[in-house]
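Below, subunit A partners subunit B and then partners subunit C, in two separate complexes.
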Partner chain A sequence: MSDIEIEIDDKKYSAKPDQMVIQVADAAGIYIPRFCYHKHLRVAANCRMCLVEVEKSPKTLPACATPVTPGMKIFTKSPKAIAAQKAVMEFLLINHPLDCPICDQGGECELQDLAMGFGSSHSCYEEGKRSVKDQNLGPLIATDMTRCIQCTRCVRFGEEIAGLCELGATGRGENLEIGTYVERTMQSEMSGNIIDVCPVGALTSKPFRFTARAWELDQFPSIAPHDCVGSNIFIHTRGGEVMRVVPRENETINQTWISDRDRFSYEGLTANRVAEPHIRIDGKLKSTDWQRALEFAVLKLQNSLEKKGANELAALISPNSTLEEFYLFQKLLRQLGCDNIDHRLRQIDFSDSFFPRANFSLAELEESDGILLIGSHLQMEQPLAAVRVRKAFLKGAAIAAINPVDFRFSFSLKEKNIIAPHHLVNALAGVAKSLCEMNSKSIPEFLKNSSVSETDKKIAMCLFSKKNNFILLGALAMNHPEAALIRALADFISEMTHARVIHFTEGCNATGAYLADVIPKKGMNVSQLLADPRKIYLLFNVEAEDVANPAAFTHALSQAECVISLSTFKNELLEKYADVILPVAPFSETSGTFVNVCGEWQSFKGVAKSFDESRPGWKILRVMGNLFQADGFEYESSEEVLSSLREESRLSEESRLSCQRKLASSAFKKDTGCHLSQKTLGWHDNMLSRIGEIPAYSTDAIVRRSEPLQKIQNENGLAAARLHSHTAHELKIKEEMIITIKQNQTEIKLPVKIDDRIAKQAIYIPAGIPETNSLSELFGKVEIKI
Partner chain B sequence: MNLSEHTRKKIDEWLLRYPTDQKRSAVLQALHYVQEENKGWLTEELMDAVAEYLQLPRIAVYEVATFYSMYYLAPVGKHVINVCTNISCMLSGSTEIVEHLKKRLKISTNETTADGKFTLKEVECLAACAAAPVFQMGKKYYEHLTPEKIDKILDELEKKNGE
Partner chain C sequence: MRRLFKLIKTFSLWELLMGLMLTVKYFFKSKVTVQYPEERTPNSPRFRGIHALRRYPNGEERCIACKLCEAVCPALAITIEAEPREDGTRRTTSYEIDLFKCVYCGLCEESCPVDSIVLTRFDDYHITQRGQNILTKEKLLAIGDRYEEDLAKDRAEDARYR
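And then the complex of A and B:
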């Protein structure tokens, strides 16, 4: 349909035929007051604040719900429009308390602002105001429901975006209330967005509450450091201190939303920080100044390297580090002759030389017809990607999942195969074979022995003969002991279905780490470096909770002769074994760059003042480079670091991409069948295997220290062994029983919870929490003793 | 909590009238059946059971149950007397009707008699203005009310119940 012409306030504008008046006005920069309208939510038209005069209409019309028509003349500031808006304002203020001085929204309140513009100092209303009882919605959201003007934005957000209807409008007329009816903690992983959409002070941030006024805050753009989506955020500071985090609009990434993890993790930024550099003298860790600490560190490293050789040095870095930190880290190490460098801390299968592809945009996900999730708890791992998948679902996409747990998603799964991790490869092979049959292609050798179940066929149908397919691999696939096979099979399926494969990597900057070459080229990978412990460890923000095998990590550090750690946070294990601890600034205190899963480079500046003596990682690494007299460490700014990385990576990226593809397919073909790897792993069909998920609020050091997020996580009682009732029956165990779980040489005791969402033959024991830290790998065979 | 077989059967009959992906349409009837079976009122558990049975978010059921005045969210008497006090009935003397009922039953509005027989409520227009004043008890309307007429109605009911 062609564009039409309309007139707003005597000026001509062109509009799309399906647009509402308010959309055209917004695009033209003409402000129309509103409370209930939100561009990403369904039109409700219940606040009536956006009434405008339309020529030939006897009554004023709501701009948010009035579609444009050719030749339409709209007046947003005519006496009639203003009178209508003022009248609505008076109605809205009838029951609204006059408590702005004690309201947390004061100073950034849409109602307050509009009351200034459209309100009157006098009200005709003399009766008593109504008051509404508050509900406790959990540790994140504070309620003052008397202030609610019932715009229902929060209700619509839950229904439409979060896909979890928790809030609703109960009662009617005078008694209408917004709430959960039965008081409970909100479960949505992006519940914090209702704080932003609330135009009044009814829903405010509980952790931020009463700590600052909006006008005292400075606003700085930044990037959220917790998942590979890289949501855009604003950090609000006061006197250089981070006070809160809110979303920054970016239509291609996070639109106007962020996850609760991105919003509330700032609470962990200043908790438990390393304040000063520390060195170990005579067996005791003592604080010292930077000069001494750096010299001590370099000398210690040099001595150890001379004695043991570069092959005894293991260098591990958190996937949440900045691109600049990655680059200098590997540059320094490679100049020291060390190639034992890795950031893939929770992965164990590297046989396919995987390299991320970053060949899509999140918006494209929204337009897909078929989506297959493999080992992905998308909802909690990458909540903003789940928002896009939900939109695809609402547009009719068929979504299937092959997962070890029947996770809750904000979209319905058309087909699912809930299977224990040790059956994952077989299940994928079944789907692959079934697609071969559907496409009448000859079945390759490696799939000859695979069996195809009805479920496999149904899952294949979700992708078969669709135009725009996606295969999403989550942490439970990427960290799987057979990850290479899983990725290869995903590639095989993608070739059959023209699907694009997205590998959702862990951390916020794994793509950056690959780009900066923070993977061993010929050296040892993280798994080998922990299984076959080295004598020297250089760590950059690595804690036991960050690695696939915390038990091996602890052991490795205990036997090492030299441990140097650049750490943001205090850590008992490191305090016990480290010879040097250098305080590194987190993302909020350093400039840097994160590359998201779509391959977008997003740079940000340091916005908060340094905590005590901590310094940006790139500066520490630069000075270390200088002290080692390494070449090319003369950087004056992080931008300089970035540009030298850009030059280097541009050269190698293309060749690496094609090389990776080749490797992936060859690794796969060497396998004569999908069972082969199982034998090398010592697995068998009837074993009980662990599902070692990293809970959303345990993924990284900052999140693990955020008190409100930890409260929510603890409410859900994660420190338990969860099993399907069928598995429990077979093992003769019951709810609440305390059982001993044995994995390799490690053992822990946990209470049992029966949970039928868990696959049979599997036991869900989350990692990344203190209670399960002494266990070894995330997956693999476990034994149970009652 | 599970719904009774009887209720489920009745809900299923209603579900046949709607497209299979619009089970929400049956929520009004479902709540009526559940309420009928539970001595005239709805518990949270029952509403949750309806939500589960119709595959709705729980809040969607709470919204409906709290919106309509004919769902009772607290225990009620065997007979709920809903007196219309809207404009037509008011002009025809509903105030006197309510006062008489209060005196006779020895309760105030929104209360239940000690023997659990009667609950008294005021409601908005029952759409029977021509016969004002009116009250509704169960599925029946009682029209052109006077104190004498009310006594007769209640006497008869008490006689019946007293057996």
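And then the complex of A and C:
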């Protein structure tokens, strides 16, 4: 349809026919007051603040719900419009308490602002005001429901974006109340956004409660460091201290939302930090100054290298490090002659090589019409990708999942196959084979033996003959012992369905790690480095909870002769075994760059003052480089590091992308049948296998230390072994029983919870939490003793 | 003639007597000098001396940590830290006024929505050691407790002009 012309305040503007008046006005920079309208939510038109005068209309009309018509003449500031807006304001203030001084929204409140513009200084209303009882919505959101102006933005957010109708309105008119019907904690992983959408102080942040005023805060742009989506955020600081995190709009990445993990993890930033450099003298860890610590570290490393050789050095770095840190880390190590460098801490299968970069924007997920989730708890792992998938679902996309647990999603699955991890590859092969049949292609050798079940066919149907398909691989696929096969099968399916594949990696900067070459080229990978322990370990923000096999990690450190750790947080294990601990600044205190899964390079600056003696990682690595007299460590700023990395990686990024698929399918051909790999793993069809998910609030060191997030996580009794009732019956296990779980040589005791969302033949034991930290791998055979 | 007149004036000590007249006049006039510190000059209920934090009659502190005084203070003399108290109410954990910075403008009192921070009439205090210039929350509350009666009276007196 062609554009139409309308007139606002005597000026002509062109508009799209399906636009509302308020959208045209916003685009033209004409301000119309509003409370209930939000550009990413459905129009409700229940606050009436946006009334404007329209020519030929006897009454004023709400701008947010009036579609434009050709030749329309709108007056936003005519006496009639202003009078209507003032009247609405007076009505709204009738029931609003006068408690701005104790309200956290004070200073950034839309009602306050508009009352300044449209309110009158006195009210004709003398009767009693209404008051509403507050509800406890959990550790993240504080409520003062008396302040609610019933705009229903929060309700609409839950219905439309979060996909979880937790808040709702009860009653009518003056008695309309917003609440959770039955008092309970909000379960949504996006719940924090209702704090932002609420125009008044009815919903505010609980961890931030009463600690600062909006006018005291400085706002700095930054990037969220917890998932590979790379949400844009603002960090608010006061006196150099991080006070809170709010979303920064970026239409292609996070729109105006961020996940609770990104919003509330800041609470962990200053908890439990390493304050000063430490060195071990005569078996005791002592704090010291930087000069001595660095010299000690370099000397120790040099000595051990001379004695043991560079192949005895293992270098592990957290996938949440910045690009600059990655680059200097590998540069230093490669100059020391060591290639045992890895960041893929939770992966096990390295038999293929791939590059986790999608060359399209996340927003394109919205337009898809078929999506296959493989081993993905998308909702918790990548909440903002889930928002997009939900949008696609609402537009009618068929979504299927092959998962070991029937996870809750904000969209419904058309088809699902809930199977134990050791059947994952077969299930995927079944889908691949049935797609071959549907496309009447010849079935390749490696799929000949695969059986195709009804479910496989139905899942294949979700992708078959659709134009815009996506395959999303989650952590449970990427960390799977047969991940290479899964990736290769995903590629195979994508070729047949023209689907685009996204590998959702762990951490926020895995793509950056690949770009900076923080993977072994000829050396050993992380699995080998832990299975076949080395004598020297150089760790960069690596904790036992971060690796696939915490037991092996602990053992490796215990037998090493030299352990040097650059860490942000205190950690018992490291305090026990490390010879040197150097305090590194987290993302809020250092400048750096994260590359998200779509290949967007996003740089940010350090915004908070550094905690005690901690220093940005790139500076520490640079000085270490200088002390080793390595070449090319004369950087003055992180920008310089970045530009030299940019030059080196420009070529490799192109070549990586082009060779991605080729390499993946060649890895696949190494195994001629899907069952084959299982034999090498010592698996059989009837075993009980572990589902080792990393819960959303245990993914990295910062979230693990964020108190409010931990409270939420522990509310549901995470430290338990969950089983399907069928499996439990076979094993003669009952709810609440304490069982001993044996995996390889490790053993722990956990209570049982019966949960029918878990696949049969599988046992869900989360990792990354202290209770299960002494277990070994995330997946694999598990034995149970009662 | 004029010389004679001058001579008489000189020998009759006329000038001296004129001077003494003034002395005598002031001798009988009512006195304005006060015996400080036993006696004090009167001052207005709006006098702006040292600060105090007031309490409600039931003993609850008035301040709700709204930080308006901190924001309005032209000398940046006020520093406040706040937190939810155990009962969930909004309270300060620290409230400090730097007397060296304060210019005794009284804007903090004017901005306070609950009449918590006030300026008392008390103005003679001294600082002998570094650090004493910082009035902490405890000190401010103590001053408030001590002068509460006067403070309440002064505010009541001034109420109709506010």
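One rule holds for everything that comes next: the second predicted complex is superposed on the first by the 783 of 786 C-alpha atoms of A that agree within 3 Å, B and C clash if a C-alpha of one lies under 4 Å from a C-alpha of the other, contacts with A are read in each partner's own complex, and residues count from 1 in each chain.
Methods note: contacts are C-beta pairs under 8 Å (C-beta built on N, C-alpha and C of every residue); 3 or more make two chains touch, one makes a residue touch a chain.
Computed from a predicted model, the values in this text were never measured in an experiment.
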| item | value |
| --- | --- |
| Partner chain in contact with A:Lys785 - subunit B first, subunit C second, else both or neither | neither |
| Which of subunit B and subunit C A:Gly106 touches, first, second, both or neither | second |
| Which of subunit B and subunit C A:Lys11 touches, first, second, both or neither | neither |
| Partner chain in contact with A:Lys56 - subunit B first, subunit C second, else both or neither | neither |
| Touched partner set for A:His122, first subunit B, second subunit C, both or neither | neither |
| Subunit B versus subunit C as contact partner of A:Trp215, first or second or both or neither | second |
| Residues of subunit A contacting subunit B in one complex and subunit C in the other | none |
| Contacting residues of subunit B [partner subunit A, same complex] | 44, 57-60, 62-63, 66-67 |
| Residues of subunit C touching subunit A in the complex | 64-68, 71, 81-84, 89-91, 113-114 |
| Contacting residues of subunit A [partner subunit C, same complex] | 100-102, 106, 209-213, 215-216 |
| Residue numbers on subunit A that touch subunit B, as the complex places them | 164-172, 180-182 |
